[in-house]
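Paired with chain B in one complex and with chain C in the other, chain A is shared by the two complexes that follow.
Here is the complex of A and B:
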């Protein structure tokens, strides 16, 4: 597998309250990767380090197959970025964004930017007198996304692009993801973080699950779906099944959780019903598993 | 450098510079035209001598140049410093290659623009005054020199302005420099009344040199601060 970005023992230390890593991830080239994790898991920090916004403490990053810094060569020119908030100065208007982007990045196409905005229901003429701070969160995100898609890049790094968008626009964003990946003939890639996993499930070819600054699981979405199964059973089967399950939630009417697919037959023999997980289900269960392991580790300490 | 200024400040600073020069030109041009038409200030120097007034028009011109020089620096370089706070908090700037160097280049560009505006403002005033025979051409270099010195004076505080996080503290810093400017203006006022033209020219040169050195030190320190801050 050829990787677009490879993180090797990447560490970022802020203070005693939070540190990221060591993180080892190989983001596949020509695919869309979803970063999934709870708030404060380190997704934004990771993306900021990749884009050269935040400095790393230790470790190595390879960009497009070459180890180095984000400021080396044309790396920053090849990476488009969109932050969930605070991307541009609040007082800027859309035309200021267009002017600044066109001056800062060679591959920025002003006409394409305005066309993309019009396609996202943000006609520049209508909003020309308004500063970004006067726009709604959703509108601001559309401006930010248009500024990223209007550039000629090989990698897009998008921090929660769907967070403030309405369902229709989120669906269109997923289509745009596909178009972007397809237009690159295997050379263009996307890394995005999301909490709306169900809505953006079809856009995630590869998934990285993060918890408390560490990567707990990663792989192609279809492989992960083959690796794990979702279990449901009668609550009275808890004692027999819990040993085979990774996570287990038990209510008065139902027992459910996550297990490894290799234990499928044993689980079914004990009367459990199994199903192939969706990415959304898988993410929730894997986050529960990470939390469980973290808490038991802390308890041991 | 112009590109760097435009990346972070759009065209706002250039528009501000042009607007300041145009407004001053219109203000003084109209004022003097009306005054001459009314026959009130045909020859201010002569009138001042005849009336035995202590403040000569030359003194007023130089003081005016000092004030306008400082205002141009405050409006243009001040906006550039303000932009640092805005871009420091937004991620867009850091996605640009060598953003720290580019921002320093933008800051220096803004400073140069403010100095050029200061010189242009005093040039416009002196040109209008010469046109209406209100001042001697000899005073033009003096006005430009003191205007430049005043705008350079503002640059000395950009380093503390950049690292001062609180708005109140920044306001206090600006107040302190305003006191300094008042002191300079008072000194200029006394000097123009008592010193000869040559000594005034030399003292203007010394003042420009001293503020220039201060401005360079402050700018270099600011660039180091920006680099350190953005690479953290």
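Here is the complex of A and C:
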């Protein structure tokens, strides 16, 4: 499998309170990758480093198969970026966004930008007197998304693109993802972060789970769903089952959690019922697992 | 194609089952290409990796072959042999059903009644 971006022992040190890495990720080319993690896990830092907005402390990044920087040659032209907020100055109007984008990027298609905006219910003539600060969060996000989608790119890096969108618009965003991936015929890729995993479930081909500046699990979503299973059982089976489970929560009425699929038969023999996880269930349980491991490591210190 | 997103049957299984049926009954003839994985993902509103997994399953069962750079092509099917495989599988499942019936104290006729009822429901 070819990768679009490869991170090799990537490290970012801020101060004692937060550091990222060392991170190794191979983002697959022609697919859409979801970065999933708690607030402060390092998703935004990671995306900013990939796009050359934040400098890395150490490590290697390869872009489209070649080691280099985000600013090298045509790499900048090939990557579209959308920040979760504050991407354009608040006093700008939509036409200022269009002007600055067309000055910054050769591949920016102004007409396409306005057409995309109209398609997202932000007709530019209706909002021509409004500055970005006068728009709602969702509207501002649409302007940022349109500015990224209106360029001729091979990779989109989108930080929380669905966060401030309403459910209908989020669905349209997923549609737009699939159009983009399909139009590249295996050459266009997307990297995005999200907390709304359930809504983006069918837009993620590859998932990277992050906790506290580290990658705790990554893989193609279908492979991860084959690797793990979700369990439910009667609480009185806790002694037999908990040793086979990665995460385990127990109430007076039910025992539930995550386990490795390879233990399925043993778990069922102890009276557990199992199901194939959704990406959303899987993410929550893997984040709990990461937290649990981190806590026990800290306790040992 | 009919896809249920919240079914007990994984989406990739629903897709592979649908293609299996259409390849077996000849509505997708040998030599024809399946839709591109990204095109199908877009049409079915699912992820690319899910359609890929469905196609890989068809591949591993010998129904289609991957052609580098071109996609997945339907293989000539030995329908007689495939039918025989399914007959064997059917016999196996029916034997399991009869074993259950015996444990529950049902006669063969009573078991057959249940089978007929199920057939009518589906």
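Just so it is clear, the second predicted complex is superposed on the first by the 301 of 301 C-alpha atoms of A that agree within 3 Å, B and C clash if a C-alpha of one lies under 4 Å from a C-alpha of the other, contacts with A are read in each partner's own complex, and residues count from 1 in each chain.
Heads up, the rule we're going with is that a contact is a pair of C-beta atoms (placed from the backbone, for glycine too) under 8 Å apart; a residue touches a chain by one contact, two chains touch by 3 or more.
Remember, it's a predicted structure, so these values are computed and weren't measured experimentally.
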item: Touching partner for A:175 - first (chain B), second (chain C), both, neither; value: second
item: Partner chain in contact with A:222 - chain B first, chain C second, else both or neither; value: second
item: Touched partner set for A:276, first chain B, second chain C, both or neither; value: second
item: Contacts of A:64 with chain B and chain C, given as first, second, both or neither; value: neither
item: Chain B versus chain C as contact partner of A:108, first or second or both or neither; value: neither
item: Chain B-touching residues of chain A, taken from the complex the two chains share; value: 48, 51-53, 55, 71, 74-77, 79, 81, 83, 86-92, 96, 99-100, 103-105
item: Footprint of chain A on chain C - complex, ascending; value: 5, 8, 10, 12, 36, 38-39, 41-42, 45-50, 52-53
item: Residue ranges of chain B in contact with chain A within the complex; value: 3, 6-8, 10-11, 83, 86-87, 89-92, 94-98, 231-232
item: Partner chain C, residues of chain A touching it in the complex; value: 30-32, 174-175, 178-179, 181-182, 184-186, 202-206, 220-222, 225, 275-276
